[in-house]
Amino acid sequence: MTTDTYYANGNEVQLFEQAYHQRLPVMLTGPTGCGKTRLVEHMGALLRRPVVTISCHDDLTSSDLVGRFMVTGGDVVWTDGPLTRAVKAGAICYLDEVVEARHDSLAVLHSLTDHRRTLYLDRAGEVVQAPETFMLVCSYNPAYRSSLKELKPSFRQRFVTLPMAYLPPDREAEVIVAEAGIDLAVARRLVACATAIRTADEAFHFEPPSTRVLVTAAHLVAAGATELDAAEACILAPLSTDGAVTDGLREVAVASLAGADSSSRP
Amino acid sequence: MTTDTYYANGNEVQLFEQAYHQRLPVMLTGPTGCGKTRLVEHMGALLRRPVVTISCHDDLTSSDLVGRFMVTGGDVVWTDGPLTRAVKAGAICYLDEVVEARHDSLAVLHSLTDHRRTLYLDRAGEVVQAPETFMLVCSYNPAYRSSLKELKPSFRQRFVTLPMAYLPPDREAEVIVAEAGIDLAVARRLVACATAIRTADEAFHFEPPSTRVLVTAAHLVAAGATELDAAEACILAPLSTDGAVTDGLREVAVASLAGADSSSRP
Amino acid sequence: MTTDTYYANGNEVQLFEQAYHQRLPVMLTGPTGCGKTRLVEHMGALLRRPVVTISCHDDLTSSDLVGRFMVTGGDVVWTDGPLTRAVKAGAICYLDEVVEARHDSLAVLHSLTDHRRTLYLDRAGEVVQAPETFMLVCSYNPAYRSSLKELKPSFRQRFVTLPMAYLPPDREAEVIVAEAGIDLAVARRLVACATAIRTADEAFHFEPPSTRVLVTAAHLVAAGATELDAAEACILAPLSTDGAVTDGLREVAVASLAGADSSSRP
Amino acid sequence: MTTDTYYANGNEVQLFEQAYHQRLPVMLTGPTGCGKTRLVEHMGALLRRPVVTISCHDDLTSSDLVGRFMVTGGDVVWTDGPLTRAVKAGAICYLDEVVEARHDSLAVLHSLTDHRRTLYLDRAGEVVQAPETFMLVCSYNPAYRSSLKELKPSFRQRFVTLPMAYLPPDREAEVIVAEAGIDLAVARRLVACATAIRTADEAFHFEPPSTRVLVTAAHLVAAGATELDAAEACILAPLSTDGAVTDGLREVAVASLAGADSSSRP
Amino acid sequence: MTTDTYYANGNEVQLFEQAYHQRLPVMLTGPTGCGKTRLVEHMGALLRRPVVTISCHDDLTSSDLVGRFMVTGGDVVWTDGPLTRAVKAGAICYLDEVVEARHDSLAVLHSLTDHRRTLYLDRAGEVVQAPETFMLVCSYNPAYRSSLKELKPSFRQRFVTLPMAYLPPDREAEVIVAEAGIDLAVARRLVACATAIRTADEAFHFEPPSTRVLVTAAHLVAAGATELDAAEACILAPLSTDGAVTDGLREVAVASLAGADSSSRP
Amino acid sequence: MTTDTYYANGNEVQLFEQAYHQRLPVMLTGPTGCGKTRLVEHMGALLRRPVVTISCHDDLTSSDLVGRFMVTGGDVVWTDGPLTRAVKAGAICYLDEVVEARHDSLAVLHSLTDHRRTLYLDRAGEVVQAPETFMLVCSYNPAYRSSLKELKPSFRQRFVTLPMAYLPPDREAEVIVAEAGIDLAVARRLVACATAIRTADEAFHFEPPSTRVLVTAAHLVAAGATELDAAEACILAPLSTDGAVTDGLREVAVASLAGADSSSRP
């Protein structure tokens, strides 16, 4: 799998770069699998800064971010967490799915995201001034409606916000070909299938299939699976476990796989 | 009990193998006792990879998965958890009943299930790249309707999903004979009893009896119990503790045990 | 008090023994004080296996069951919990009131209750194969309706289930005589009193008086208390603290104590 | 204040003694301040057994009861808790307000309250058989209606239950004279005041004033306070903080203080 | 600021002293800032006893009150908490806002507030008898209606309860003059303003302005602020953040400041 | 970015200074980004006192404020927290977003905010008297209506409260020019855009755009972004993730950007 390709979908690369040069933090929003993580990796390479990734979750404490005291040789020594390491290294610190984090953990970010650009390590009694090259990037998926959590408006206002979206169908098919090495015709049928479900999906209120699941399905086809088997395992089955819904979606899938160019069907 | 036999019910073995060769994670779904754990053990033997099993539950922390610092000889040393050990060994890591785990514990799986195939041990400050032979497999039972938990759609989309189901009656009876060493006629009567309850059960909304309870009942019969005693203790009693419901189900059981070939009844 | 007598009420001894020889786990269900604990002690003596009893409760962690690391002489050493000790000793492990345990604590039992018969000590990095003589027995009271907890159906299906009930009145009176050494006539009056309340109790939805409270009342009578005082303190008072209900039940008690053979009243 | 006087109100002393000689646990129920704690102290003196008192509350863990491992000189040594100390010493162990305890903490009492009379120290791997002189006594106030907690019926059935109540007015006045050394006429007026409020109180659903608050008021009178000031501070003010209710109760109090023999009013 | 002046508002000083001499615990009730803390400090000076103050809150454990084991030089030694220190020193122990404490933390007070006057340090295995000069004083604000917590009636009955209230206007103005050194006319206008809001406030259900905020406003006036600015910052702004309500209250304030003697307005 | 400029919007600087000289604590209220933090930094410079900033959150314990025992060289030594350090240094201690803190953590502030001006370190057994130069300042945003938390009225009454607001448009545009170095015409268009949204926003109940986001947008413009791109990323995108709302707000933004002087549009 090619890990260092990024497929731009607007002016997000330019705005990200301008925010970096103005030392402003960036918030990426958009659906699952639309390329948020890849953009960050791409910008890290472009700006020649290391990227420190932190997957946020309910149990992430501020100590997990900034560090904690640990016992070594009978003594207690402070050990920097990934956020502190990123600040000191002048790296891009990427908080993935930041909406999942406990709000109290996010409080340590306040002084890093305004004019202070400072990290207060209260427990260690240390104050760290971020170097010019340090950048904070967060991401979350606002379309995930079953989430009970919300970022506070005052927190969102601390960031330059870049909304992201799926690629248009033709570009998406090209990406699938580039990633999984299958025929363009197969890629187009998989995209047609996803597009049909994304449209139908508004009635079902499920998370629509992402570019990532299309690439996964393409990999299975490359390994010998039929297109329908691959679509069922990678696109349909993860959507719902309700039999009636799945049957309805399977009809949509079969029709869309058939309705497109079928020259390379195995 | 023969522990290494797997009875296939579709193309799940082929799709599992294709996912393995494409280094894609797999999600197994299906009712209790339909053979999810056995499939994983079977594929481990087939692909010649060790299987590391982790039973998920509410209290499983990400430290239980990836490891923690422990005091040895006065110092604190990092100790790998079962997930980290599985990644380093290039094993199949099997997370049984993954829906039971706390969502925050699952966040550490994200970077293992996309193109990165990397495990970030934030607390140890270590990054582990998974070898080609590492595979992550999860399972859960979507039919268990009283569960309050749901896997996030974005998490489900990270996996090739293989839905599994009970075997057809004739195959199920063969399995019972092979496992418990009883007559085929007895096995068929037990399957008939289970099938009758599975059908009736839709009105009761209970978890239907699995192949596993039929094998258990067959073992009791092999040990000298009557078919009805065995059916009551293994098939009926676990279904409900409501007397009226149990009485209704017992009539179904008696009728189905009687209605089938009774040549070998003890 | 005679601690090693068990009064059978059906074929539960035979089915328990058959399950033991087939290496199957057993679940005992039934009301408070109907003899579940005594059956397990009786089977331990009969099968010549030690019994390790664990009283389940909300706060029982899986570490309490399987063991934990403890500091000794500056080092951390693993110490087996009672479940692990029972598995290694090939004992009968009895989890009393298993429905009270946290579900996550029960996850460690999964691999012990299917064909694997294996205990995974994830934290110690150890895998324990149960010897042939190991047996897991659980119990709970399904009639206790105010409980908010329920065992998962998939968990219940892992066991041979033996429903238990109160003894018939004549047998119950004999047990009381044998346990407390009072006259049969007194015992019969106490049983008549309990039976009257058990019948009336369906309207009140309280936990009916058990054989245990009758034995307790008999002990008080043996120590010099009047039958009515003993019945009030041991049978009536624990049922309810609502004065009106207690008054109604006292009438039932007085009438039933009077209506039976009164030859030996003190 | 005389700490060793107990004023009996029925046959509770005899039944307690009979339960002790039959090695049965006792449960005392009744309103606040009716003498439960004093009965236990009295019986301890009568039976010549030390009394170990444990005030139950939400945060009382089973470790607080049975003991825990503690670090001493670098090693971890087991330290018995008060329950274990009481069992080993053959003392009377008194769990005050047992309904306040977490149910899981009470699970360790099960094996002490049935024929086993045994304390299992799972974490220490020790089993303690209670000597003949050990006795477990619990108490709670069932009239406290705003409590959200309830003892499980199966737990209540493990005890000989002795319901307790306030003394009749004449006896209560004698107790107040004996405790606080005031004139009988003053004591009678305070009892009349309490009795009036206890009757009126049924409409208000508050906890009625106990003998204890009357003794407290008598002490204030002995120190020079007027009867009305003492009644306001000790009887009325603790009942409610709702001004309208308090005004209504004050009228009741003034009337009852005036309506009784006023010869010794200061 | 004069810290040792107390302005009596009834017979609370006499009753407090009588309770002290009878070794009875006292409960102070009344609105915020009416002088509860000052009364305790005043009585400590009058009775020549040190005062140990403990501010209660949700997170105050019984260990915070009585003490805990702490590691010193490798060993674990018991360290008394403030309550234990107060008991041993025969001091006045003052639990401020006791309603905020967790009920389980209050259980340790039971044996100190009845005839036992004893502190049981269960974890240390120590029993401390309170000396004659020890006194327990608690306080809470019953008028704070949004509180979800309530003291248990049985707990309230353990205390001599002294309800406290605001001073009458003339006395309140004298206190302000004495505390902040401003003109009596200014003090009267500030009291008139507070009285107007306290009356209007019944419609708004807010906590009325206390004597403390009037003293604070007087201090600002003494530092050069206008009376209206001081009244806005100290009396009005803390009452509500709802603009409409604040506007209404400001009219009340302006009118009352103007309606009183304005000779010394700056 | 100029970090030491403060733009006054009323008499807040004078009242803050008067409170400081009277040793009174101050509470700042007002919307996100209206300058609360900057006022505190400004007053620290003006009064020549260091500022210790503590960002409050749900997980901030009183130990995080006052200090804790820590293991060093085998022993346990007390380490002051930031509040204690600020008290001892006679600094300005600034609790940012104090409404987010757990109420129990705020209890330690009581004795610092009344006439005692004392910090009780119960666990360390130490009492710290604040020097004359110590000042406590808290802030919160009362307009953030989705907050579930509320400061207790009795807590709010302990402070001199200074309500703050956005600057008037002309002053706001000057601030943006001073901070980001862009043309006054651009700054005015951005302020016009924010003002239009602030007005429209009352219908949407979102947090209105702050001066801070205008400065951020101005920085992006200075880096080469178009005004509309900058307004979208910094002003519109953080407001809502609901597409319909965002579309409506974009129309407002485009109209207001166009309606103002457009001479310097890039």
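Every chain is named by a letter (A, B, C, D, E and F) in the order it is written, and numbering of its residues begins at 1.
Operating definition for what follows: contacts are C-beta pairs under 8 Å (C-beta built on N, C-alpha and C of every residue); 3 or more make two chains touch, one makes a residue touch a chain.
These numbers were taken from a predicted model, which means no experiment stands behind them.
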Farthest chain relative to chain B (centres taken as mean CA coordinates): E
Self-contact between copies chain D and chain E, residue sets same or different by half: different
Of all other chains, the one whose Cα centre sits farthest from chain D: A
Distance from the mean Cα position of chain D to that of chain B, given in whole angstrom: 53
Centroid spacing, where centroids are CA-atom means, of chain C and chain D in whole angstrom: 30
Junction residues of chain F, two or more chains touched: 71, 74
Pairwise touch network: line, ring, star, complete, or other: ring
Direction chain F, origin chain A - full chain order round the ring: A, F, E, D, C, B
Contact footprint of chain D on chain C as seen in their complex: 1, 3, 32-33, 37, 53-60, 64, 70-74, 81-82, 85, 96-97, 100, 141, 144, 146, 206-207, 209-210, 212-213, 216, 219-220, 222-225, 229, 233-234, 237-239, 241
Residue numbers on chain B that touch chain A, as the complex places them: 11, 14-15, 18-19, 21-22, 24, 27, 29, 61-62, 69, 71, 74-76, 102-108, 110-111, 114-116, 120, 122-123, 125, 142-143, 150, 152-154, 156-163
